[in-house]
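Dropping the structures in below, format is structure tokens.
Below are two complexes that have subunit A in common, paired first with subunit B and then with subunit C.
Now for the complex of A and B:
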């Protein structure tokens, strides 16, 4: 499933782009936006709602959602590195 | 994009990410790279963070967007027929699509130009106030809205003596309801803030703050936090409709190819069936993204119909709210207890769930209620009988 053709999900890059996700936990304000957009990649701690990164290297079909989460995050706490 | 902050940056980033390859000009009158405002009244004012923590994007990520960044220069006019934006340095920037994201500025008080008077909107504002707070310093905060309340809490944490002046009998009652407002008032008292409600402030003076009845509230520093005014001055005479902000339709469009986003924009939110202007951090981003998509794919554009969200940190607790709470007719505490500062309150407008506000509740519970707001669930099904406020 590592998509070697641009399949129109908006990523455009094609050939097995790898993604690494970084979260700056002290910045997180527990808004939960990332969890609503990409629940397979992000969760929230039960006690205070702070982000928990479930998948540091999400599969390509989740990349669009992860990029969306990074833009939406109101604390700019999510950073996406793609190679 | 005019306005280089949360909304303008989100629009720029979305345009690039979703395939726009042409010139993207981001114009901002502040001299800094886009930075985040919520930490200003929290970690920056409290001294926990250095200013290098607030930029919205790492320099490399910003570079990668390939923007024509015009910082430290204000837009001074808009010519809709010509499709150009005039800048203070004399330049004219042509556009095919325009995003207006110039935000708001603090409302002021008479006499607040002096040394001891502060507002809190920019990084420079926050650093200036931070440098003057400390043990034994006397701070008067005018306005017990979220901003004033956060600043009061942080100043107490720094050991300052704080007087919080609020014209309404209960702080934030229109926004969150009387009961939650009283809970907030109690939190101030518990933390040693001298909260005075029902007082009208006339002016900032040499000695502090003068009330309309003549009383002088002595203070070394005064923070004026009495709301804000949309930055639309540069649009006057452009032909766009200006009222309480830039007036937009349900697509956030102000004119063909011209969109408003963030704190400056008032638009019709079809989910709540009303026009609103939202001064919340997430709305700035979401609206910036939405208008970018409308510019990229005008044939597929959809009304902007978000569930607004905000949070606010006060002392040792955090308020989170989803929905549109203003104008609510009923508040029901459905979980927890206000006195314990752990609760979930649901807000009703008409016969529908309009919002949810939570303090110290598990995220899943909050998300479940947010869903009730997003679907505009019937109150009777979600909560029960309708009981109007004040009965």
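Now for the complex of A and C:
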């Protein structure tokens, strides 16, 4: 719906879905939206606000927030792989 | 600039619509009808600017996100073909260089010098202080006469006080910097006014950076001064960044506060929800929806193509100007059903009110925090708040880069 590449916008909701999150640190522009939406998965470095990945394999109850973080990331620095 | 309307040859005879476009009388919140028509019919279309140039106006959400995130699209305002907002803006392009008019990697290097203070946790730590400033300003209004101009009494002082503390700028100079900021971002300002306002502000910030070099404090200008000492920035570059942060830090949020209040007063059912809630999540949602609905940065995000780009059924050629009009992107029914309805319960987080791509607003965590505090406090503390004039009498800022109202006379029942 939003013209995204689809990584963060999948509809793989359901039991047994595993999620792996990757962040592209050089791309990050420190907008902070991922920290706002999924604070248990993303944080920011103190010195420059750049993304820190706290949980590479977040539990299923956080999957929707992680997907939303990837969709709103202005720099496309969050990649979500679901199996 | 040559016309290449190959895809729409039947319309090639028609004069191009002028940009910026007027809003419809009586519809102060709606994007201009011409922009909405282009969104529906020709989502990437040539428009005519003040100087006769014909950049592309991009009106659809998906195309906007794609272009603003595309490395073939440049923010470098000194490049030929860049669509300037006025002669004054064009004249100032080379003088006002800062990271918002640079491309990566230079942009990223400089932007990262000022990102730390806007990290979510550092902004969250400011919430009690922002709440205190908000309450004190409301106390003063309640103790004073009515009607009162909400812009001067509240909407402008609040973000000005906050950005002054964050930067280390003395608030007592607010008449000076608010006056020059207004001139700087008004497209009807003359070349002399724009250049003069920029020089006055840059000289002022230059002096403050010099003072922080000698006597550092716990503020952003002192952090920039430390970068000057370390040889990472010249003092003038630090001053330019200071101007950008000071102007962006108060003009934008001030307009969101005032125009958001007008929109809520026109939608009393929505205002009632905000007035009665104790849930910060309800308030946070409302902030996103008001950002979407009002899309106050209404002069377009301006860019220039570095290569040929196929989008929306047209080919944007290298060197063509591009204007991304987020007002219609945020009213794109594909993404936001019934976009003309202000619905503070909807999930509007995907809006592009802060832009998109690497240049997305640096100060957005601070803006969100300020708006959450304001929208969560003002209408609770003054539940009978109402306009002291007709909405059709309000002076809307059609001529600014940022939309809003110049004055907002309000009153309440004591």
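Note that in this section the second predicted complex is superposed on the first by the 70 of 83 C-alpha atoms of A that agree within 3 Å, B and C clash if a C-alpha of one lies under 4 Å from a C-alpha of the other, contacts with A are read in each partner's own complex, and residues count from 1 in each chain.
Note that in this section a contact is a pair of C-beta atoms (placed from the backbone, for glycine too) under 8 Å apart; a residue touches a chain by one contact, two chains touch by 3 or more.
Computed from a predicted model, the values in this text were never measured in an experiment.
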So if we stack both complexes on subunit A, do subunit B and subunit C clash, or do they fit?
clash
Classify the contacts of A:79 with the two partner chains as first (subunit B alone), second (subunit C alone), both, or neither.
first
Is A:67 contacted by the first partner subunit B, the second partner subunit C, both or neither?
first
What is the contact status of A:37 with respect to subunit B (first) and subunit C (second): first, second, both, or neither?
second
Based on the superposition described at the top, state which of 60-68, 204-212 or 222-230 belonging to subunit B clashes with subunit C.
222-230
Which positions of subunit A sit in both the subunit B and the subunit C interface?
29-33, 35-36, 44, 46-47, 49, 71-72, 74-76
Which residues of subunit B touch subunit A once you look at their complex with the stated criterion?
10, 13-14, 17-19, 36, 38, 53, 55-58, 61, 281-282, 285-286, 289, 309, 311, 318, 320, 362-364, 366-367
Would you tell me which residues of subunit A are touching subunit B in their complex?
10, 12, 27, 29-33, 35-36, 44-47, 49, 67, 71-72, 74-76, 79
Which stretch or stretches of subunit C touch subunit A in the complex?
61-63, 65-66, 68-69, 108, 111-113, 115-116, 118-121, 123, 334-335, 349-350, 354-362, 364-365, 368
Within the complex, which stretch of subunit A touches subunit C?
1-4, 26, 29-33, 35-37, 39, 44, 46-50, 68, 71-72, 74-76
